[in-house]
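Note that subunit A is present in both complexes that follow, paired respectively with subunit B and with subunit C.
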Partner chain A sequence: MFLLPSLALLVGIGLAPFFYVLLLSFHRYRLTWTDRPWEFVGLDNYRYVMNWERFWDAAWNTIVFAVGTTLLSFAVGFALALFLSQRFKGRGILRALVIIPLLIPPVSVGLMWRFILHPLLGLVPWIIKNVTGATVSFFETPAMAMFSLILIDAWEWFPFMFLVLLAGLESLPREPYEAAYVDGASRYQIFRHITLPLMRPVIAVAILLKFLISLKVYDIIYTVTTGGPGTATETLSYLIYRQTFAYFWVDRGSAMALVYEYLIILFAVLFVKYALVKARMG
Partner chain B sequence: MASVRLVKVRKIFHTPRGEVTAVDDVNLEVRDGEFLVLLGPSGCGKTTTLRMIAGLETPTSGEIYIGDRLVNDLHPKDRDVAMVFQNYALYPHMRVRDIIAFPLKIRKYPQEEIERRVREVAEMLKIEHLLDRRPRELSGGEQQRVALGRAIVRRPKVFLMDEPLSNLDAKLRVVMRAELKKLQKNLGVTTIYVTHDQVEAMTMADRIAVMNKGRIVQLGTPKELFTRPANTFVAGFIGSPPMNMIECSLDEGKNLLDCGALKYRLDPDAGLTLRSKGVTEVILGIRPQHVLIERGKRPDAVAQAPIYVVEPMGTETIVNFKLGETMIRAVIPADIDVEAGEVWNIVFPRDRVYLFDKKSGELVA
Partner chain C sequence: MSIDAKRVLISSLVYLVIALLLIAIMLPIVWIVVTSFKPESVAKIPSVWVFEPTLDNYRYIASIKPIWKPLADTLIVASSVAVLSLAFGTPAAYALARYEFRGRDDLAFWILTFWMSPPVVFVIPLFLMFDRMGLLDTYVAIVLAHTLGNLPFVIWLMREYIRDVPREVEEAALIDGYSDAQVFARITLPLIKPGLVAVGILAFIFSWIEFLFALVLTTFNVRLLTVEVSSYWTIAGVILGPMTAAITISIIPATIFAFILQKHIVRGLTLGAVKGE
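Up next, the complex of A and B:
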């Protein structure tokens, strides 16, 4: 009885939309077809998506993007966390400064960087040109565009990695460090034999979270490259958005969204099962 | 092997509430192969002293020598000391085998040598069957042995132990106490051992340095500390139950100590000593084990009083008397029947009485 309100809420905002999308994916329907009923087509939408090269290209782009930004933001975040977990004057201010990128709305981040990297108006190309004489175009080639997106996203997200990893570092027990110190370990040896193994579960969680978040990337693509040049930086969520709300193919979009969702869930389950459990076991 | 020497070592901590002097001009020489215990209440600076010798803290001033070498600015790894921590500080992610091998591994010993030494140490400590376990799968006593193993395996010049037995249950503590002492004698390694437990200190130490408020207040063998406590602090800290301390003032004309409800007649020598040192306010100390009680009247009794509380301990009984504001404890054999409320005569044998200057707390006679 007392569960009813929350149950209703769960069904209303959680399950209902899901089943609506599930239903849609088995029909043929376009948003502009106001006078035609839904036509049941079975697995046609799925068959179409599975055989559609652009879908798989987008999937590949998504993975390249997610791997790149996860590794980059992890490397920067971890290095900073290690640095700022030491005791020194001004640490608090530096810690606060590091967080800033996380506080800027993603759309602003995208627009800001699009401007900074702009071939004609941007600050970075201008500096590079004046220092080296070379003209660099950050969004012209597919590889450069992807690289720039990874750079921008990692810039936005390294504070997140930093925070998670710093919290992990700060909660490590002190005693093993003192023991290792007296045992004669150097700073590098302490990092290698004490910090890294003790941090493994935290690192695993941070990377998993960031990777899953990166797989869903949309805002930065939308504001910086809109998937271009061509479809070189089109990720799955951006493709789904375009199909559904630009071309109004909600049926195909639904099918893609569901496939996409299952892939992510599958990945997350595998990751938790292997990486996380293994990290905890040591 | 090596001696350890501290020369005017001082440590000041800067806290938000101001400066705290944890260790105040400590001079100490630990002999080669000696088992020295730093004994004192919590906050007396004993652990800080130990951590400075280990290299975990830097002295604010003063010099620390290991052997003939000044080690103030030396990294712990170059001091050749091993430390056993109160909570053992085992590496949670490693197996016992790797924990013990760790000090050798980071010094890049050859693999066979590491294996041989780990085996040796494991045999010595009887932990061969635990080598493939992790710390969380071990009991407190087993963790303790592994921590010892990690310290021993390197054959350091000095062992530093920070209350290593305080996390064990009482029974195990007694066993480990004996084993640790035997181990230290067999290895012959200079050992500095920190504890707040006077029984531990008395049973294990070659010499004890009693610390209070950052200073060493007395240094000596357990027997010396027990029989000749230099001041009221040591007298009160060592011995169980603690020494009776009674405030008295000297009645010069009668050669008598007036201690409120009880009177103590001084022997002439003691009276002379007090007078020559100009001490008139005295603290009279006597160990409960030395207080005699008698049913019958005695001319030398310091007081006659009803028993306040009786605490039977098994082999002996602690009898408490309340004389005005002062409690006097006597330890008597358990076969003497006593009951609360009974009136007994209390006798302080002269050769068992300590007289301290009330102002300075120092032993006078």
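Up next, the complex of A and C:
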């Protein structure tokens, strides 16, 4: 009885649309065909997508992006979590300040950084030029554009890593630390042999969640590079959006969206089954 | 060098790196806010740090390209989403936390798959379905879509909060002759009030910052802030000064809630997998 309203909503605007997409992916249909019925084409859309290089390029870009931003945000988030888990004055304010990026609309984050990294208008290229004399353009080459996107996304998401890891650090047992102090262990030894092993499950959760979130990236691609230069930073969400709502190939878009969805769920299930279980045991 | 001197050197280096990191982190926000007060003549010049502050950019977004409609709409939508997500999600969370039934964990996981799914999977069919029902560009459509997006995390999170309530309290009420619904409404709900507030705020923020659904499901009748902000820099060009003013407006809730939410956000983002307290 308590479940009914939620289930109705999830089925009505969650599951029903899902089957709608599924059905659509077996038909030929464009958004502009207002008076033509769907035409059944079997697996044609899937065949097209599977053989379409651009789809796999986008999948590759998505993975590169996700791996990059997950690692970078983890490094920054963990460093800050270790730092801000110590007791000192002003800690609360610092903690609140560093989580702001996470609560800003990603669209605003994107535009903000597009401005700050802009070769002529931007603060960062200007600083680099005045300090080192070098001219850096952040969006010109495919590699730089991808790097910049990873940087931007890591800036937005490191607070997530920070919060998760901080919560983990604060829930660690006290006893091993006390024993280590008594034994005269150095700070590095304590970190390496006590903190790190104890934190493994939390680190695994943090990395899994961030990786899953990164695979869905859309907003900053739209606002910063629009997939460019060329299609060098085109991710799956962006490619599917463009194909569906700019080129009106809803059918192909649906097939791609479903392949995308299954890849993510498959990854999540595998990760939860192996890595997470292993981290818990280890 | 003695070991002590080495230690001091290393730890001061670490603090220096951390300090630089913190500055680098805050700099973009500060720069955007600073630029929003720059006069038009110097907005595009990064080397200008000292200038006479002006409200021109804010006047621009107040009257020339008014931000009022997107701001009001976003407030309406985000508040409705927060209320609806809680109204739908909390009872479901209660059932998942308190009742034993077959397939309960499978159901919980199934709900979670909606959270894992890329929004683009849902935005295509929702666009077509809402179009057919004549609901495109209405509050109903966007509020329902955002509520769907929030429901999985609201359910998972409220379930954690409800589990923290000792069962004995509820059982005592049952013995006093309360019905299940009464126990939920009169005993459990008041006890999880802090959780409700935190999760409600998170749902509000997630709706406030959402972009893809807003872009596809709304246009003129409903205009959301993220779509408005994105319109300042397109292939047609950039309206820089006013854009920084609009961005500044869009980050106000973030700055307010960052201080209130600190602890609760952890749970919110990890769906309870890691506790914040």
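Convention: the second predicted complex is superposed on the first by the 275 of 282 C-alpha atoms of A that agree within 3 Å, B and C clash if a C-alpha of one lies under 4 Å from a C-alpha of the other, contacts with A are read in each partner's own complex, and residues count from 1 in each chain.
What we mean here is this: a residue touches a chain if its C-beta (ideal position, glycine included) is under 8 Å from a C-beta of that chain, and two chains touch if they have at least 3 such contacts.
None of the values given here were measured: they were computed from a predicted structure.
With the two structures aligned on subunit A, subunit B fits next to subunit C without clashing. By the document's definition of touching, of the two partners only subunit B reaches A:Q189; subunit C does not. In the superposition on chain A, contact of A:I63 is made with neither subunit B nor subunit C.
Of the two partner chains placed around the shared chain by superposition, subunit C is the only one that A:L209 touches, whereas subunit B remains out of contact.
Shared-chain residue A:Y181: touches subunit B; no touch with subunit C. Of the two partner chains placed by the overlay, only subunit C lies in contact with A:L163; subunit B stays clear of it. When the two structures are aligned on the shared chain, A:P197 is found in touch with subunit B, with no touch to subunit C.
In the superposed model, C is the one of subunit B and subunit C that contacts more residues of subunit A. Of the two partner chains, subunit B is the only one touched by A:P173; subunit C is not.
When the two complexes are overlaid on their common chain A, residue A:Y222 makes contact with subunit C while staying clear of subunit B. Superposition on chain A places subunit B within reach of subunit C only down to 12 Å, the least C-alpha distance between them.
Looking at subunit A, you'll find no residue that touches subunit B in one structure and subunit C in the other. Put simply, subunit A touches subunit C in their complex at residues 1-3, 5-7, 9-10, 13-14, 16-18, 20-21, 24, 76, 79-80, 83, 92, 94-108, 111-116, 120-123, 125-127, 155, 158, 160, 163-164, 166-168, 171, 202, 205-206, 209, 212, 215-216, 218-219, 222-223, 226, 236-237, 240-241, 244-245, 250, 253-254, 257-258, 260-261, 264-265, 268.
Listed in rising order, the residues of subunit B touching subunit A in the complex are 54-56, 76-77, 81-83, 85, 87-94, 102-103, 106-107, 134, 150, 154, 160. Of all the residues in subunit C, the ones that touch subunit A in their complex are 18, 21-22, 25-29, 31-32, 35, 44, 46-47, 87-89, 91-92, 94-96, 111, 113-114, 116-129, 144-145, 147-148, 151, 155, 180-181, 184, 205, 208-209, 211-212, 215-216, 225-226, 229-230, 232-233, 235, 240, 243-244, 247, 250-251, 253-255, 257-259, 261-262, 265-266, 269-270, 273-276. Contact residues on subunit A toward subunit B in their complex (touch as defined above): 173, 175-176, 178-186, 189, 193-194, 197-198, 200, 282.
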